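One structure is given here, and the rest of the page talks about it.
Chain nomenclature is as follows: A, B and C, assigned in order of appearance, with residue numbering initiated at 1 for each chain independently.
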Amino acid sequence: MTRLLTLIAAAFLLIAGPLAAQDDSYGQQKAVYHINFDGMSGTSYRSAMGNVQNHINAVGAENIEIAVVMHGDGLGLLMAAKDDDGLQTRIGGLKSQNVRFLICNNTLEGRDIALDDLYDAWDEDVVPSGVAELSKLQQDGYTYIKP
Amino acid sequence: MTRLLTLIAAAFLLIAGPLAAQDDSYGQQKAVYHINFDGMSGTSYRSAMGNVQNHINAVGAENIEIAVVMHGDGLGLLMAAKDDDGLQTRIGGLKSQNVRFLICNNTLEGRDIALDDLYDAWDEDVVPSGVAELSKLQQDGYTYIKP
Amino acid sequence: MTRLLTLIAAAFLLIAGPLAAQDDSYGQQKAVYHINFDGMSGTSYRSAMGNVQNHINAVGAENIEIAVVMHGDGLGLLMAAKDDDGLQTRIGGLKSQNVRFLICNNTLEGRDIALDDLYDAWDEDVVPSGVAELSKLQQDGYTYIKP
(Lines give C-alpha, C1' and ligand atoms only; values in the text may rest on other atoms or scores of the structure.)
Protein backbone atom coordinates (compact mmCIF):
# COMPACT_ATOMS: atom_id res chain seq x y z
CA MET A 1 0.00 0.00 0.00
CA THR A 2 2.82 2.39 0.90
CA ARG A 3 4.49 1.43 -2.34
CA LEU A 4 1.35 2.20 -4.31
CA LEU A 5 1.03 5.61 -2.65
CA THR A 6 4.68 6.33 -3.43
CA LEU A 7 4.09 5.47 -7.06
CA ILE A 8 1.02 7.68 -7.23
CA ALA A 9 2.93 10.52 -5.57
CA ALA A 10 5.81 10.09 -8.03
CA ALA A 11 3.42 10.11 -10.99
CA PHE A 12 1.75 13.21 -9.62
CA LEU A 13 5.06 15.03 -9.22
CA LEU A 14 6.06 14.04 -12.75
CA ILE A 15 2.93 15.70 -14.08
CA ALA A 16 2.73 18.55 -11.59
CA GLY A 17 6.34 19.66 -12.06
CA PRO A 18 5.93 20.96 -15.60
CA LEU A 19 2.39 22.17 -14.85
CA ALA A 20 3.57 24.18 -11.88
CA ALA A 21 6.23 25.90 -13.99
CA GLN A 22 3.82 26.72 -16.82
CA ASP A 23 2.97 30.38 -17.18
CA ASP A 24 -0.29 31.26 -18.88
CA SER A 25 1.03 34.67 -19.87
CA TYR A 26 3.07 33.03 -22.63
CA GLY A 27 -0.04 32.10 -24.65
CA GLN A 28 0.43 30.27 -27.97
CA GLN A 29 3.96 30.08 -29.37
CA LYS A 30 5.88 28.72 -32.33
CA ALA A 31 9.66 28.38 -32.24
CA VAL A 32 12.41 27.02 -34.45
CA TYR A 33 15.67 25.95 -32.83
CA HIS A 34 18.71 26.28 -35.08
CA ILE A 35 21.30 23.55 -34.55
CA ASN A 36 24.38 23.77 -36.80
CA PHE A 37 27.14 23.41 -34.24
CA ASP A 38 29.40 20.62 -33.15
CA GLY A 39 28.05 19.54 -29.75
CA MET A 40 31.23 17.68 -28.87
CA SER A 41 33.75 20.48 -29.05
CA GLY A 42 31.27 23.35 -28.81
CA THR A 43 27.93 23.95 -27.16
CA SER A 44 26.52 20.74 -25.79
CA TYR A 45 23.58 19.04 -27.49
CA ARG A 46 22.22 17.99 -24.11
CA SER A 47 22.01 21.60 -23.03
CA ALA A 48 20.18 22.54 -26.24
CA MET A 49 17.67 19.71 -25.78
CA GLY A 50 17.19 20.85 -22.17
CA ASN A 51 16.36 24.34 -23.48
CA VAL A 52 13.64 22.89 -25.71
CA GLN A 53 12.13 20.88 -22.82
CA ASN A 54 12.19 23.93 -20.52
CA HIS A 55 10.49 25.92 -23.26
CA ILE A 56 7.68 23.36 -23.49
CA ASN A 57 7.35 23.17 -19.70
CA ALA A 58 6.97 26.94 -19.47
CA VAL A 59 4.40 27.32 -22.24
CA GLY A 60 2.63 23.96 -22.13
CA ALA A 61 2.95 21.29 -24.83
CA GLU A 62 -0.56 22.04 -26.06
CA ASN A 63 0.34 25.70 -26.62
CA ILE A 64 3.52 25.40 -28.63
CA GLU A 65 4.82 24.14 -31.96
CA ILE A 66 8.56 23.53 -32.04
CA ALA A 67 10.83 22.49 -34.88
CA VAL A 68 14.52 21.68 -34.46
CA VAL A 69 16.35 22.36 -37.75
CA MET A 70 19.71 20.61 -38.10
CA HIS A 71 22.30 21.24 -40.81
CA GLY A 72 26.08 21.10 -41.18
CA ASP A 73 27.78 20.01 -37.98
CA GLY A 74 24.35 20.07 -36.32
CA LEU A 75 23.54 16.61 -37.69
CA GLY A 76 26.02 15.50 -35.04
CA LEU A 77 23.07 15.70 -32.62
CA LEU A 78 21.45 12.63 -34.19
CA MET A 79 24.83 10.95 -34.72
CA ALA A 80 25.77 11.40 -31.08
CA ALA A 81 22.35 10.05 -30.06
CA LYS A 82 23.09 6.71 -31.75
CA ASP A 83 25.38 5.84 -28.83
CA ASP A 84 23.96 8.05 -26.10
CA ASP A 85 21.03 6.64 -24.10
CA GLY A 86 20.42 9.92 -22.29
CA LEU A 87 20.18 11.84 -25.55
CA GLN A 88 17.87 9.17 -27.02
CA THR A 89 15.51 9.51 -24.05
CA ARG A 90 15.54 13.28 -24.36
CA ILE A 91 14.86 13.28 -28.11
CA GLY A 92 12.17 10.60 -27.75
CA GLY A 93 10.51 12.62 -25.01
CA LEU A 94 10.52 15.77 -27.15
CA LYS A 95 9.10 13.92 -30.17
CA SER A 96 6.29 12.58 -27.97
CA GLN A 97 5.49 16.26 -27.28
CA ASN A 98 5.29 16.90 -31.06
CA VAL A 99 8.71 18.49 -31.50
CA ARG A 100 9.82 17.91 -35.11
CA PHE A 101 13.48 17.17 -35.88
CA LEU A 102 14.24 18.31 -39.44
CA ILE A 103 17.33 17.18 -41.32
CA CYS A 104 19.04 19.15 -44.12
CA ASN A 105 19.30 17.15 -47.34
CA ASN A 106 22.20 19.30 -48.58
CA THR A 107 24.21 18.13 -45.58
CA LEU A 108 23.22 14.48 -46.08
CA GLU A 109 24.39 14.62 -49.71
CA GLY A 110 27.40 16.90 -49.21
CA ARG A 111 28.80 14.79 -46.39
CA ASP A 112 27.58 11.43 -47.67
CA ILE A 113 25.54 10.72 -44.53
CA ALA A 114 22.81 8.04 -44.60
CA LEU A 115 19.65 8.22 -42.48
CA ASP A 116 20.88 4.98 -40.86
CA ASP A 117 23.81 6.96 -39.47
CA LEU A 118 21.33 9.11 -37.52
CA TYR A 119 19.17 8.22 -34.52
CA ASP A 120 15.49 7.65 -35.35
CA ALA A 121 15.65 9.56 -38.67
CA TRP A 122 13.13 8.99 -41.46
CA ASP A 123 12.49 10.21 -44.98
CA GLU A 124 9.72 12.53 -43.84
CA ASP A 125 12.18 14.31 -41.50
CA VAL A 126 14.36 15.41 -44.43
CA VAL A 127 14.01 18.96 -45.79
CA PRO A 128 15.70 20.18 -49.01
CA SER A 129 17.79 22.83 -47.22
CA GLY A 130 18.21 23.58 -43.54
CA VAL A 131 18.76 27.31 -44.01
CA ALA A 132 15.87 27.70 -46.45
CA GLU A 133 13.69 25.86 -43.92
CA LEU A 134 14.75 28.32 -41.19
CA SER A 135 13.52 31.19 -43.36
CA LYS A 136 10.33 29.37 -44.34
CA LEU A 137 9.42 28.63 -40.73
CA GLN A 138 10.13 32.21 -39.63
CA GLN A 139 7.94 33.46 -42.49
CA ASP A 140 5.28 31.05 -41.18
CA GLY A 141 5.38 32.81 -37.79
CA TYR A 142 7.98 30.74 -35.97
CA THR A 143 10.27 32.68 -33.66
CA TYR A 144 14.00 31.93 -33.96
CA ILE A 145 16.23 30.62 -31.21
CA LYS A 146 19.89 29.75 -31.61
CA PRO A 147 20.78 27.77 -28.50
CA MET B 1 39.27 79.28 -17.77
CA THR B 2 41.12 76.95 -20.14
CA ARG B 3 40.18 74.11 -17.84
CA LEU B 4 36.54 75.11 -17.93
CA LEU B 5 36.56 75.25 -21.71
CA THR B 6 38.17 71.82 -21.83
CA LEU B 7 35.46 70.45 -19.57
CA ILE B 8 32.71 71.98 -21.68
CA ALA B 9 34.32 70.62 -24.83
CA ALA B 10 34.58 67.14 -23.27
CA ALA B 11 30.94 67.22 -22.20
CA PHE B 12 29.94 68.34 -25.67
CA LEU B 13 31.87 65.50 -27.31
CA LEU B 14 30.33 63.00 -24.90
CA ILE B 15 26.86 64.08 -25.99
CA ALA B 16 27.62 64.83 -29.62
CA GLY B 17 29.39 61.52 -30.29
CA PRO B 18 26.31 59.34 -30.02
CA LEU B 19 24.08 62.01 -31.56
CA ALA B 20 26.31 62.34 -34.60
CA ALA B 21 26.25 58.59 -35.16
CA GLN B 22 22.46 58.42 -34.94
CA ASP B 23 20.75 57.68 -38.24
CA ASP B 24 17.13 58.74 -38.61
CA SER B 25 16.54 56.13 -41.29
CA TYR B 26 16.41 53.46 -38.58
CA GLY B 27 13.11 54.74 -37.18
CA GLN B 28 11.54 52.94 -34.22
CA GLN B 29 13.04 49.58 -33.25
CA LYS B 30 12.62 46.78 -30.72
CA ALA B 31 15.36 44.21 -30.17
CA VAL B 32 16.01 41.28 -27.86
CA TYR B 33 19.61 40.24 -27.25
CA HIS B 34 20.06 36.54 -26.48
CA ILE B 35 22.83 35.84 -23.97
CA ASN B 36 23.34 32.16 -23.11
CA PHE B 37 27.07 31.85 -23.53
CA ASP B 38 30.04 31.73 -21.23
CA GLY B 39 31.68 35.12 -21.61
CA MET B 40 34.90 33.97 -19.97
CA SER B 41 35.89 31.17 -22.31
CA GLY B 42 33.73 32.23 -25.26
CA THR B 43 32.43 35.48 -26.68
CA SER B 44 33.10 38.34 -24.32
CA TYR B 45 30.30 39.93 -22.30
CA ARG B 46 31.95 43.33 -22.73
CA SER B 47 31.74 43.02 -26.47
CA ALA B 48 28.04 42.07 -26.27
CA MET B 49 27.29 45.06 -24.02
CA GLY B 50 29.20 47.26 -26.47
CA ASN B 51 26.92 45.98 -29.25
CA VAL B 52 23.85 47.05 -27.26
CA GLN B 53 25.27 50.53 -26.63
CA ASN B 54 26.21 50.95 -30.30
CA HIS B 55 22.69 49.89 -31.23
CA ILE B 56 21.21 52.57 -28.97
CA ASN B 57 23.63 55.21 -30.27
CA ALA B 58 22.65 54.47 -33.86
CA VAL B 59 18.90 54.49 -33.34
CA GLY B 60 18.55 56.89 -30.42
CA ALA B 61 17.51 55.83 -26.92
CA GLU B 62 14.08 57.38 -27.39
CA ASN B 63 13.47 55.25 -30.50
CA ILE B 64 14.33 51.79 -29.23
CA GLU B 65 13.19 49.19 -26.71
CA ILE B 66 15.85 46.62 -25.84
CA ALA B 67 15.68 43.54 -23.64
CA VAL B 68 18.68 41.37 -22.78
CA VAL B 69 17.51 37.81 -22.03
CA MET B 70 19.95 35.71 -20.04
CA HIS B 71 19.71 31.97 -19.40
CA GLY B 72 22.09 29.05 -18.87
CA ASP B 73 25.72 30.13 -18.95
CA GLY B 74 24.47 33.60 -19.89
CA LEU B 75 23.76 34.42 -16.23
CA GLY B 76 27.54 34.60 -16.03
CA LEU B 77 27.16 38.16 -17.33
CA LEU B 78 25.67 39.33 -14.03
CA MET B 79 27.99 37.07 -12.04
CA ALA B 80 31.07 38.50 -13.74
CA ALA B 81 29.74 42.02 -13.15
CA LYS B 82 29.83 41.48 -9.36
CA ASP B 83 33.62 41.88 -9.50
CA ASP B 84 34.04 43.93 -12.67
CA ASP B 85 33.73 47.70 -12.34
CA GLY B 86 33.83 48.24 -16.09
CA LEU B 87 30.96 45.83 -16.65
CA GLN B 88 28.97 47.42 -13.80
CA THR B 89 29.33 50.84 -15.40
CA ARG B 90 28.29 49.47 -18.77
CA ILE B 91 25.22 47.64 -17.39
CA GLY B 92 24.23 50.63 -15.26
CA GLY B 93 24.52 52.90 -18.27
CA LEU B 94 22.34 50.61 -20.39
CA LYS B 95 19.71 50.36 -17.63
CA SER B 96 19.61 54.16 -17.45
CA GLN B 97 18.70 54.03 -21.16
CA ASN B 98 15.81 51.65 -20.35
CA VAL B 99 17.47 48.40 -21.38
CA ARG B 100 15.86 45.56 -19.41
CA PHE B 101 18.01 42.66 -18.16
CA LEU B 102 15.81 39.56 -17.84
CA ILE B 103 16.89 36.50 -15.84
CA CYS B 104 15.66 32.94 -16.48
CA ASN B 105 14.07 31.37 -13.41
CA ASN B 106 14.72 27.85 -14.73
CA THR B 107 18.44 28.60 -14.62
CA LEU B 108 18.23 30.13 -11.14
CA GLU B 109 16.50 27.01 -9.83
CA GLY B 110 18.39 24.43 -11.89
CA ARG B 111 21.80 25.82 -10.89
CA ASP B 112 20.83 26.96 -7.39
CA ILE B 113 21.77 30.58 -8.07
CA ALA B 114 20.44 33.34 -5.77
CA LEU B 115 19.71 36.88 -6.95
CA ASP B 116 22.40 37.97 -4.49
CA ASP B 117 24.93 36.12 -6.63
CA LEU B 118 24.08 38.46 -9.53
CA TYR B 119 24.89 42.16 -10.00
CA ASP B 120 21.91 44.48 -9.42
CA ALA B 121 19.29 41.72 -9.93
CA TRP B 122 15.76 42.02 -8.55
CA ASP B 123 12.61 39.93 -8.39
CA GLU B 124 10.98 41.92 -11.18
CA ASP B 125 13.87 41.01 -13.51
CA VAL B 126 13.09 37.29 -13.26
CA VAL B 127 11.11 35.60 -16.05
CA PRO B 128 9.77 32.03 -15.84
CA SER B 129 11.83 30.80 -18.81
CA GLY B 130 14.51 32.53 -20.86
CA VAL B 131 13.70 30.68 -24.09
CA ALA B 132 9.94 31.15 -23.74
CA GLU B 133 10.62 34.87 -23.15
CA LEU B 134 12.67 35.01 -26.37
CA SER B 135 9.67 33.68 -28.29
CA LYS B 136 7.23 35.95 -26.46
CA LEU B 137 9.26 39.07 -27.22
CA GLN B 138 9.69 38.13 -30.89
CA GLN B 139 5.93 37.56 -31.13
CA ASP B 140 5.56 41.04 -29.59
CA GLY B 141 7.56 42.52 -32.47
CA TYR B 142 11.09 42.40 -31.06
CA THR B 143 13.81 41.57 -33.56
CA TYR B 144 16.31 38.90 -32.48
CA ILE B 145 20.05 39.39 -32.14
CA LYS B 146 22.47 36.75 -30.92
CA PRO B 147 25.71 38.63 -30.19
CA MET C 1 33.88 15.71 -80.56
CA THR C 2 34.02 13.66 -77.36
CA ARG C 3 35.66 16.63 -75.70
CA LEU C 4 32.89 18.95 -76.85
CA LEU C 5 30.21 16.57 -75.55
CA THR C 6 32.02 16.38 -72.23
CA LEU C 7 32.09 20.17 -72.00
CA ILE C 8 28.40 20.43 -72.82
CA ALA C 9 27.62 17.74 -70.24
CA ALA C 10 29.70 19.57 -67.63
CA ALA C 11 27.96 22.86 -68.38
CA PHE C 12 24.59 21.13 -68.14
CA LEU C 13 25.43 19.61 -64.77
CA LEU C 14 26.62 22.99 -63.49
CA ILE C 15 23.25 24.51 -64.34
CA ALA C 16 21.08 21.50 -63.56
CA GLY C 17 22.59 20.89 -60.12
CA PRO C 18 21.17 23.98 -58.46
CA LEU C 19 17.98 23.78 -60.50
CA ALA C 20 17.37 20.18 -59.47
CA ALA C 21 17.82 21.07 -55.81
CA GLN C 22 15.41 24.02 -55.99
CA ASP C 23 12.12 23.44 -54.21
CA ASP C 24 9.14 25.51 -55.30
CA SER C 25 7.49 25.07 -51.91
CA TYR C 26 9.87 27.66 -50.47
CA GLY C 27 8.29 30.52 -52.43
CA GLN C 28 9.69 34.04 -51.98
CA GLN C 29 12.13 34.59 -49.13
CA LYS C 30 14.23 37.31 -47.51
CA ALA C 31 17.07 36.47 -45.15
CA VAL C 32 19.77 38.30 -43.26
CA TYR C 33 22.91 36.40 -42.26
CA HIS C 34 24.59 37.69 -39.12
CA ILE C 35 28.38 37.43 -39.22
CA ASN C 36 30.17 38.73 -36.11
CA PHE C 37 32.52 35.86 -35.40
CA ASP C 38 36.17 35.19 -35.95
CA GLY C 39 36.26 32.72 -38.82
CA MET C 40 39.86 31.77 -38.15
CA SER C 41 39.59 30.47 -34.62
CA GLY C 42 35.83 29.90 -34.61
CA THR C 43 33.20 28.96 -37.15
CA SER C 44 34.64 29.02 -40.65
CA TYR C 45 33.73 31.80 -43.09
CA ARG C 46 33.79 29.30 -45.95
CA SER C 47 31.13 27.24 -44.27
CA ALA C 48 28.95 30.33 -43.74
CA MET C 49 29.31 31.35 -47.40
CA GLY C 50 28.43 27.78 -48.39
CA ASN C 51 25.24 28.11 -46.32
CA VAL C 52 24.26 31.22 -48.26
CA GLN C 53 24.89 29.52 -51.61
CA ASN C 54 22.88 26.44 -50.55
CA HIS C 55 20.07 28.74 -49.47
CA ILE C 56 19.99 30.38 -52.93
CA ASN C 57 20.17 27.01 -54.68
CA ALA C 58 17.19 25.73 -52.70
CA VAL C 59 14.96 28.76 -53.20
CA GLY C 60 16.20 30.09 -56.55
CA ALA C 61 18.16 33.32 -56.97
CA GLU C 62 15.10 35.04 -58.47
CA ASN C 63 13.03 34.21 -55.38
CA ILE C 64 15.29 35.45 -52.59
CA GLU C 65 16.83 38.63 -51.21
CA ILE C 66 19.85 38.03 -48.97
CA ALA C 67 21.94 40.45 -46.97
CA VAL C 68 25.09 39.49 -45.08
CA VAL C 69 25.62 41.88 -42.16
CA MET C 70 29.16 41.99 -40.79
CA HIS C 71 30.28 43.71 -37.60
CA GLY C 72 32.94 43.23 -34.94
CA ASP C 73 35.15 40.21 -35.64
CA GLY C 74 32.86 39.46 -38.59
CA LEU C 75 34.72 41.97 -40.77
CA GLY C 76 37.40 39.29 -40.74
CA LEU C 77 35.42 37.68 -43.56
CA LEU C 78 36.42 40.44 -45.98
CA MET C 79 39.90 40.68 -44.48
CA ALA C 80 40.51 36.96 -44.94
CA ALA C 81 39.20 37.21 -48.52
CA LYS C 82 42.01 39.63 -49.43
CA ASP C 83 44.43 36.68 -49.47
CA ASP C 84 42.05 33.79 -50.14
CA ASP C 85 41.20 33.06 -53.77
CA GLY C 86 38.55 30.51 -52.86
CA LEU C 87 36.76 32.98 -50.61
CA GLN C 88 37.00 35.70 -53.31
CA THR C 89 35.35 33.40 -55.85
CA ARG C 90 32.61 32.50 -53.36
CA ILE C 91 31.88 36.12 -52.44
CA GLY C 92 32.00 37.24 -56.07
CA GLY C 93 29.58 34.46 -57.00
CA LEU C 94 27.16 35.45 -54.25
CA LYS C 95 27.32 39.13 -55.25
CA SER C 96 26.51 38.15 -58.84
CA GLN C 97 23.35 36.57 -57.38
CA ASN C 98 22.47 39.90 -55.69
CA VAL C 99 23.63 39.06 -52.18
CA ARG C 100 24.54 42.30 -50.40
CA PHE C 101 27.54 42.42 -48.05
CA LEU C 102 26.97 45.17 -45.48
CA ILE C 103 29.77 46.56 -43.33
CA CYS C 104 29.30 48.14 -39.89
CA ASN C 105 30.70 51.68 -39.72
CA ASN C 106 31.04 51.49 -35.92
CA THR C 107 33.49 48.62 -36.39
CA LEU C 108 35.41 50.45 -39.13
CA GLU C 109 35.84 53.47 -36.86
CA GLY C 110 36.30 51.62 -33.58
CA ARG C 111 39.00 49.36 -34.97
CA ASP C 112 40.49 51.86 -37.43
CA ILE C 113 39.84 49.65 -40.45
CA ALA C 114 39.89 51.16 -43.95
CA LEU C 115 37.77 49.88 -46.84
CA ASP C 116 41.06 49.11 -48.58
CA ASP C 117 41.74 46.53 -45.87
CA LEU C 118 38.63 44.64 -47.00
CA TYR C 119 38.01 42.63 -50.17
CA ASP C 120 35.84 44.42 -52.75
CA ALA C 121 34.31 46.84 -50.22
CA TRP C 122 32.78 50.17 -51.25
CA ASP C 123 31.22 53.21 -49.62
CA GLU C 124 27.71 52.04 -50.53
CA ASP C 125 28.30 48.79 -48.59
CA VAL C 126 28.78 50.66 -45.31
CA VAL C 127 25.87 50.88 -42.85
CA PRO C 128 25.92 53.10 -39.73
CA SER C 129 25.57 50.17 -37.31
CA GLY C 130 25.60 46.41 -37.93
CA VAL C 131 23.22 45.58 -35.08
CA ALA C 132 20.78 48.38 -35.92
CA GLU C 133 20.81 47.10 -39.52
CA LEU C 134 19.95 43.59 -38.29
CA SER C 135 16.87 44.99 -36.55
CA LYS C 136 15.93 47.18 -39.51
CA LEU C 137 16.11 44.29 -41.96
CA GLN C 138 14.07 42.01 -39.67
CA GLN C 139 11.46 44.76 -39.34
CA ASP C 140 11.48 44.90 -43.16
CA GLY C 141 10.52 41.20 -43.29
CA TYR C 142 13.93 39.59 -43.46
CA THR C 143 14.28 36.31 -41.53
CA TYR C 144 17.34 35.98 -39.31
CA ILE C 145 20.03 33.33 -39.62
CA LYS C 146 23.14 33.15 -37.46
CA PRO C 147 25.43 30.67 -39.24
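Here is the rule we use: a residue touches a chain if its C-beta (ideal position, glycine included) is under 8 Å from a C-beta of that chain, and two chains touch if they have at least 3 such contacts.
Just so you know, these numbers come straight off a predicted model, no measurement behind them.
A.B. asks: Roughly how far apart in rotation are subunit B and subunit C when fitted on CA atoms, stated in degrees to the nearest 5?
C.D. replies: It works out to 120 degrees.
A.B. asks: Same residues or different residues where subunit A meets subunit C? The copies count as same if more than half of the interface numbers are shared.
C.D. replies: Different; most numbers are used by only one of subunit A and subunit C.
A.B. asks: What's the distance between the Cα centroids of subunit A and subunit C, rounded to whole Å?
C.D. replies: 29
A.B. asks: Which residues does subunit B have that touch at least 2 chains other than itself?
C.D. replies: In subunit B, the residues touching two or more other chains are 144, 146.
A.B. asks: Which subunit A residues qualify as touching subunit B in the complex?
C.D. replies: Listed in rising order, the residues are 21, 23, 25-27, 29-31, 43, 47, 51-52, 54-55, 57-59, 143-147.
A.B. asks: Mind listing the subunit C positions that touch subunit B in their complex?
C.D. replies: By the definition above, subunit C touches subunit B via 34, 36-37, 71-72, 106, 128-129, 131-132, 134-136, 138-139, 144, 146.
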